[in-house]
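What follows is a set of notes on a single structure, which appears directly below.
Letters A, B and C mark the chains in the order given here, with residues in each chain numbered from 1 onward.
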Amino acid sequence: MRTEGQTLYAADVTGVSSLGKFYVEHERGLIGTGAVLTFLLAWEAVTRSRLVDPLFLSSPTLIVRAGYELFAEGTIWRDLRVSGTEFVVGYLMAAGVAIPLGLALGWYRRLYFCLGPFIDVLNAVPRVALLPVIIIWFGIGVWSKIVVVFLGAVIPMLINTFSGVKTTEERFLKVARSFGASELKIFWTIVFPGTVPFIFTGLKYAAGRALLGVVVGELYAATAGIGFLITVSGATFQTDKVFVGILIVTTTGVLVVELLDRLERRFEGWRPKVGSAT
Amino acid sequence: MPLFLRFYLERERAILGTITVVFFLCFWEGLTRGWWADLLGPVLGSAAARWRISPIFLSSPTAIARTAIRLFSAGEIWNDLRVSGLEFLLGFVLAIAVGIPAGLAAGWYRRFCFAIEPFLSALNATPRVALLPLIIIWVGIGIWSKVLIVFLGAVVPLCLNALAGVRTTDAKLLRVARSFKAAEGRLFLTIILPSAVPFILTGLRLGVGRAMVGVVVGELYAATAGVGFMITVAGASFQTDKVFVGVVIIALAGVLMIEALARLERRFETWRPKVGAAT
Amino acid sequence: MPVKLEAQRICLEYYQPRTGRRLLALDDIDLAIMDGEFVSIVGPSGCGKTTFLNVVDGLLPATSGRILLDGKVVTEPGQDRAMVFQDASLLPWRTVLGNVLYGLECQGIGTRPARQRAQHFIEMVGLQGFEHHYPYELSGGMQQRANLARALVMDPQVLLMDEPFAALDAQTREVMQEELLQIWRQAKKTVLFITHQINEAIYLSDRVIVFTTRPGRVKQSVTIDIERPRKLAVKRDPRFLQLEDFVWNLIEDEVRKTMLADRSSRGSAEVGPPDSGV
């Protein structure tokens, strides 16, 4: 019965010229690209015409040039390496703690009763507010950033894993119990597979938090890293370099989420694709 | 069943929670007061000194409470609270005023959505606080830079959720309205908007979180007043207790706002079957 | 009796912008329904019954052919026809009363007279006392009563019913069928009823139209000459069973064809553009 309610496009499209058809089929991409190009051109025009000082706003071409120079000179590699280390170490530590702990919290009620208040409080505080204390405790080196990344990422991973266990469907549990499955068997065959999508949601969300942690930590106090590059360039009015830094951060965010999406698809072959009717 | 056991089981959650929190606070207090070092001294010998930590480094629950009382009674904190509150409020209200209508419009008008989609995705992928150095260049270190960063933080989840709300409207219900020849405006008000409400509320909740991050980070980075500013100054001068007072204030504000939103949500949701809310 | 509703050579073709393929859903349907007649359409699932009903209501434009009501062409939904949708089409955020009032509101009919009318029909379908309940608080049968009241309150000349009892349990369905016949006698409406249940169609109708598998065509029109009023016991009458057998034989071939077609085209059977134009 999939045909229902979908003739909105009916007959009328078939008669149109091939150009019109091309437009209809690629409308989304065309409008999107058009909007982005317009924006970039307007930005370029505003600075070229000296309507606004390029020192103040920079421009697409200036940013591209700055990006090229930064990579050609090679000074940026060190910043990338430092930020990358902070991100990866903090994120992996968070995953290593949060996933087992979240599973345990969901499975053992009393453990949740004990730790729940701490998780709730940490969830309510923007963890970046702890930066000044973290700097006192861990100094301005790599470790303070790793801790901030860890704190940022651990909470969403933990909460999602936990609620994944909690939302296990009662009827599957009944099936398993009626077959006489042991608790351990139930956990690994019923609870865990149902939790996987929640874990991935947590991992994706946490990637954003972790990135935020790296950037804020380095903006606040650091000696190297992309956030450090951004803040130093900002303080010296090198707006183009600031934008290069921001673009690197954005790209990283997009890539990490894409990577996790891929990973999720490998794990989730049995799940029906639900309507992303974009 | 013995009476005390039943009493315990009925309140197990609260009792266990309270015990662990109290235990945690005692442990913390003991570290700075040297309770554990004194206790372990006979056993561990000189190694027990590691269980004594300077209050400057760690602070302690009582020190934090004392400092909080002093700050509030002396009144020096009110100005910081006012500034932070104002930044939050202005930025968040602005984000609501822009984000929700834009999201609804993008959900409703396909072409408008195509046009703003790339910008929204890019903004969504960037931690907006990375824009702080630019914003400081553009609008200075006064409250407007914080208003702007709060706005940028909150507007994206608000917009994306409103958009998703419109998009996920049940096609069946749209058909009902069309069958009754409902005019476009009525269709929007009676079908689209109500089904988007839960999404908008989710957006508000996410937005509050982002807005708080915006205020705090903005003030940590560059400011002349505000709770975040207080924290950073206190941190730089090793007044750890004062830092924690600021953190507690921020945590309380967060909890209060989430609670207020939960209330709001319940008011809107009378028509929805009650399901077990997983935290 | 004059002809009330007429479908003339209705064809409906879907076009898929992505693949460029066309798909014929309805093929040359001719149908005439008398004033006050109760007509059912049965057919294998996916045969386009619901699609046809949507065309009659004016929700979908036909690719060719026309729908006449009292000899006048109709192309869009109107007050003269009202649709009783499948399950879960009540607005979940409105009470029973709010839902019944919805159609009247859309026509801009004032609140006070509308309320009285709504109350009248709520009582007619037996929902008095539940006016202020939300849909989730009602059983499936009660939801469909509300759905029926929402259509009846518009005082349409033709009632279009799209498998209204499909989601109900067997007992509730029987009771609803009997009540529907009573309401039909009181209200004197022309009814076009879609179902996949053969005995439901025979029990309710003056005439049963059998559709072929996709593309939907009229395979045969079967007149049900069982005298009214009909009690539920009539379903065990030999004449009734004979008719049921006859209609089943007509459909059986079609069902087999559908199953074969499904098997051969699995995976590529998705039909209709996914952009639902919301």
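Here, a contact is a pair of C-beta atoms (placed from the backbone, for glycine too) under 8 Å apart; a residue touches a chain by one contact, two chains touch by 3 or more.
This one's a predicted model, so the numbers in the text were calculated from it and none came from an experiment.
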{"item": "Smallest count of steps, each to a touching chain, taking chain A to chain B", "value": "1"}
{"item": "Chain located farthest away, centre of chain B as origin (C-alpha)", "value": "C"}
{"item": "Two chains sharing the most contacts, counting C-beta pairs only", "value": "A-B"}
{"item": "Inter-chain centre distance, chain A versus chain B - centres from mean C-alpha coordinates, in Å", "value": "18"}
{"item": "Inter-centroid spacing, chain C versus chain A (mean Cα positions, whole Å)", "value": "47"}
{"item": "Overlap residues in chain C, where contacts from two or more other chains coincide", "value": "54, 59, 275-278"}
{"item": "Residue list for chain B, restricted to those that touch at least two other chains", "value": "167, 171, 175"}
{"item": "Contacts with 2+ other chains: residues of chain A", "value": "5, 277"}
{"item": "Of chain A, residues touching chain B in the complex", "value": "5, 27-28, 31-32, 34-36, 39, 56, 110, 113-118, 120-121, 124-126, 128-133, 135-137, 159, 162-163, 166-167, 208, 211-212, 215-216, 219-220, 227, 230-231, 233-235, 237, 239, 242-243, 245-246, 249-250, 253-254, 257, 277"}
{"item": "Of chain B, residues touching chain C in the complex", "value": "107-108, 110, 166-167, 169, 171-183, 186, 190-191, 194-195, 197, 270-273"}
{"item": "Interface residues, chain B side, partner chain A - complex", "value": "12-13, 16-17, 19-21, 24, 57, 111, 114-119, 122, 125-127, 129-134, 136-138, 167, 171, 175, 209, 212-213, 216-217, 220-221, 228, 231-232, 234-236, 238, 240, 243-244, 246-247, 250-251, 254-255, 258, 278-279"}
{"item": "Of chain C, residues touching chain B in the complex", "value": "54, 57, 59, 76-79, 82-83, 85-86, 88-89, 91-94, 102-103, 105-107, 134-136, 154, 275-278"}
